[in-house]
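Look for chain A in each of the two complexes below; its partner is chain B in the first and chain C in the second.
Our next item is the complex of A and B:
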């Protein structure tokens, strides 16, 4: 018999992992929603963040939480540069083209990381202890990750509801033509969205270093997980991303009671597959 | 579209059109007697990439649906061949055929749900499917899970393997040619240009797409089986390696989607690059492949074949105009 304590422990861990999953998918979600560009290279940008934090730690002893100050601006700069030099030129043409373009970008970044740093797994040995409460035990590393996820989600929420450009981005997600009619510059919105999306991706890369080891080939897997979440939560729906992330996190975590841990990654793909077939607009999406 | 129109124009199966193909096939057929073993091995893998990129082209090039999970056909073909060789003791040719059929059957079965999806959703569903199959094989005792299999040494025969791959590559090219110039190819072209319009005119798009995916899977499975026969080792990470998908995309993209020659040209160029760089600089070819995909998307979306065709079309138009002017004079 599985104890209630074990289940609640797993649910809480899943919830916390899920929040990070949600933020991981946020960047992909807004880029997809605003620009109709599926960024296959999303996970590789996460890896760029991870590697930046890794080297900041190894070379200068900088804690990955501090190196967020490095990876967020780096991600924004990379995102805007990528948009201006590459993505802008395929925006509006066939979806096939942007798929191939970002796929090429993913290959390029993955290849660069492999070429420079070899396929070795890298990890930052930081362990911040456990919090014990009511018989539950929660690693502080995971707690920090989920707190970071909440901060990013709240920050984005404020940005989307209180600022002009945030509202402009939402307007373009809702109806691009009407947004242009009221004077919103769609390429400025795209530039900003891509910058923010990649900045979030890179910053998640830093946070991931608190939790697990990474290698250059982890990128595509992260892209896939993000897809699962975006599809679960619905396209262009930032709140949906968090719900999708938490859902996936909890399902993965709780299912570890029943199935071998090695099979857990397949669960996400199977969920994605079923959702795509049964309800392509996502659980929270409406189209 | 002008590009498609031209493809149909040179469709006739005349002797003149066939001569270069026969010459190349004959040259490849006598190669094992002329060149050294290293070069034969090079040609073997070149032919493997021709077969793989051509079967990728068969589906993605003709329908416009991006199959990011292509490697699953290669892997299933490899496993199908290995298992029927080792478990059922089938003769090798039959084992290869079983591998191809398993991949085709898998394509047929998954196409029912997956082909309801369009665009990016289809691409992602295939990608996740390939990953799921990888994880399942990695943990499935029936297929020896993560350990995989080694093909016993008595089956090893470089010359036989080379000819098997040559036949598979030639058959794949022929299949692409036949599909392009059949009713199926016509329906696929209609689907690629405007699926709604095609469906409203009575084209059974799901049926045609799933048949095409199954053909693509069959040939990829054959090539996968023959490749594993030569490589002699199969395990889930190598059989379902995303790099295979990535490589065929780069090759087909560079040569030109939806053309017969494109994937062959792309394979020749990129496999040579990989072969020569891979020895001294591991992973450098990945960077080059990525840059080539990006560059091709931005500068020549129809690949080398598109550039060539545009060049020759321009020449023909220029000559036609010249003649017209002469006539008027």
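Our next item is the complex of A and C:
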């Protein structure tokens, strides 16, 4: 009954969406993993990126892909400023404190966006069509999103393995005390990490504008799905976020053959429960 | 020691006495304030307060704003004409709308309606959408306050035995019936239909009614699923629909998900002969957001600007016809009204008429009056059954054709022929049958042309659709 072609189509769609899920969760993952800061405002920073891209398009006709050049530095600046002014003060205390702080931040950003831009759903009408290949249909918008996810993942990998600060961040994840003993400044590492985390979040906001419409209250949904992916993939392992994202994307997509679409949002949590029972540290996580 | 004991006792006695005195003062003052403040109430209020929440943020914000704007326009019109005459009070009273943003959230609705009741509102108007209306209904019922529904269409609202909930719009079960009739009249007639509805009370009540009706008309249902409205991607399901050989997609729920379906269909390159979605395509933003992708999409509609019911009697309201409502709304808000705005305004008219005819501000009396009402407004017929469900009003089918929303069914009020197959607009349009319902056969043809340029420019001013010009974010 179910054709191989349809299953392949669904796997490919799931893979592409999964990569986007992965890069969505990447920023949250490194912030949580390195700084032990639970960033509830993650999705709201994504929305800041989305709205920046939206207005760049409306006011100057800038394509969301080009506006990455705007949202990445904006995100980094926003991230470092937030770290220096707020996050720094709760870092080192209980994780609950950072949760309170970022929850407040989330409410503040969501409220500000609502105040500035009204609750109207915003979308950028760019439709790039689809590539037809061997009977498969590959939407170009999603393809771009997944290619961007791969570029970010590779870029981060190079950063973490080839640069001093990348290695310093990894050292702090492994053992903060030893890292300090060899002269790594943990505040600098935190500053950099939060900046990069928020820069990725904002840039994903631009990419999301290629796929869907957003409103100021879309942020918390993105935060929730990011948390599921981070826990799925394993805390503090950037590759884990991608693996968790792809797993979620493919299962959601392929399961649509068997289950009603109304059940789809629950699938992420079902996978999460299974992973937590079988492998509590996450797929790529280490104890 | 003894004196100290007595001293302490004396203090405590004094304290008790003081407390008693304070209590007496509080009670007396309370009774005095209560009696004096309730006095003007018995002699008659100076304003008719109407309480409601609207989804002004969250997933239903776009629909909620349209509805609120419709109601505000009604209130403005009533007050500028001197208010509503209430015969039992011997005077006309202005109306005052008290509204809160419920964030598209049922829990907020429940809290806010309880709050509105304690504020002593005279009447309640339901929030937009069925789930939110269902959240408000039990509170209105418990306090015996009339709740008028303008945007909650689910049949389930009127299946719970509520006495105080009255619907102004056609219920969900009626939505897709004219679409099936329209498809049935096409030549060649499509055979394969895919159903893909939202998993909410409204969409489910639409689906429950259209399924057996489509089967009875000889259509084959090749796909049948429901989805969560909050989902942001439907590509897996739409890929499956494409693989089933469906010619027509019928489904949807509200605005955001409807747009997502269209975006996803386009990104997958799926070609269907016709798409008919609930709610979303009726909103002018649908065209602004989707541009050419909107072309050919149809929507069951509660109201379109070309409808003119002024020949029917008794006719009520200062709005002569759909065209006049359209123009008034456009000049007030700078955007074309959709049916949500019209049904909200009409809800105000229904309340107005029932207050005038009953001469009372008592919910029970006004509710009784509504049972015997049978009249027309610019929005159409009003008549309810014993449960409060609307049975007078009828639906039409609209379709986007080259940037203009045309009424395509029933043929007696149609401003254009159906574009079918919609994915191939160059092909000749099909021949329509002449069947039509009794109400519409009496209606005059009054085509309202809403040219794309006009609609688009209106949208540009309000919603900053890209034009290359520099506009300020709002």
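Here is the rule we go by: the second predicted complex is superposed on the first by the 277 of 287 C-alpha atoms of A that agree within 3 Å, B and C clash if a C-alpha of one lies under 4 Å from a C-alpha of the other, contacts with A are read in each partner's own complex, and residues count from 1 in each chain.
In this section, a contact is a pair of C-beta atoms (placed from the backbone, for glycine too) under 8 Å apart; a residue touches a chain by one contact, two chains touch by 3 or more.
The shown structure was predicted, so the numbers you read here are calculated from the model rather than taken from an experiment.
*Asks:* Let's test your reading of the overlay: on chain A, do chain B and chain C clash or fit side by side?
*Replies:* Here chain B and chain C cannot both sit on chain A without a clash.
*Asks:* Does chain B (first) or chain C (second) touch A:265, or do both, or does neither?
*Replies:* After superposing on A, A:265 lies in contact with both chain B and chain C.
*Asks:* Let me test your reading of the model: by the given contact rule, A:104 touches which partner, first (chain B), second (chain C), both or neither?
*Replies:* first
*Asks:* Would you check which partner chain A:151 touches, where first means chain B only, second means chain C only, and both and neither mean what they say?
*Replies:* neither
*Asks:* Determine, under the contact definition given at the top, whether A:10 touches first (chain B), second (chain C), both, or neither.
*Replies:* second
*Asks:* Applying the touch criterion given at the start, work out whether A:227 contacts chain B, chain C, both or neither, answering first, second, both or neither.
*Replies:* The first partner, chain B, only.
*Asks:* Touching A:212, do we find chain B (first), chain C (second), both, or neither?
*Replies:* Second partner only, chain C.
*Asks:* Give one of first, second, both or neither to describe whether A:112 is in contact with chain B, with chain C, with both, or with none.
*Replies:* Once the two structures are laid over each other on A, A:112 reaches chain B alone.
*Asks:* With the two structures fitted on A, what stretch of chain C runs into chain B, 91-99, 127-135 or 379-387?
*Replies:* Once both complexes are placed on chain A, chain C clashes with chain B in 127-135.
*Asks:* I'd like to check the shared interface: which positions of chain A are touched by both chain B and chain C across the two complexes?
*Replies:* On chain A, the residues that contact chain B in one structure and chain C in the other are 114, 221, 260, 262, 265.
*Asks:* Quick one: in the complex, what on chain C touches chain A?
*Replies:* Against chain A, the touching part of chain C is residues 56-59, 61-62, 65, 103, 196, 199, 225-228, 230-237, 239-240, 242-243, 255-256, 259-260, 263-264, 266-270, 285, 289-291, 293, 463-466, 468, 470-471, 473-474.
*Asks:* Which residues, counting only chain A, touch chain C once they are in their complex?
*Replies:* My answer: residues 3, 5-6, 9-10, 13-14, 17, 55, 57-61, 114, 116-121, 123, 125, 127-130, 132, 137, 139-142, 211-213, 215-217, 221, 252-254, 256-257, 260-262, 264-265.
*Asks:* Of all residues in chain A, which touch chain B in the complex?
*Replies:* 38, 86, 89-90, 94-97, 99-101, 103-112, 114-115, 220-221, 224, 227-228, 231, 260, 262-263, 265-266, 268-270, 272-273, 276-277, 280
*Asks:* Can you tell me which positions in chain B touch chain A when the two form their complex?
*Replies:* The touching residues are 64, 66, 68, 113-114, 116-117, 119-121, 123-125, 127-129, 131-132, 135-136, 138-139, 242, 246, 249-250, 253, 281-294, 296-298, 301.
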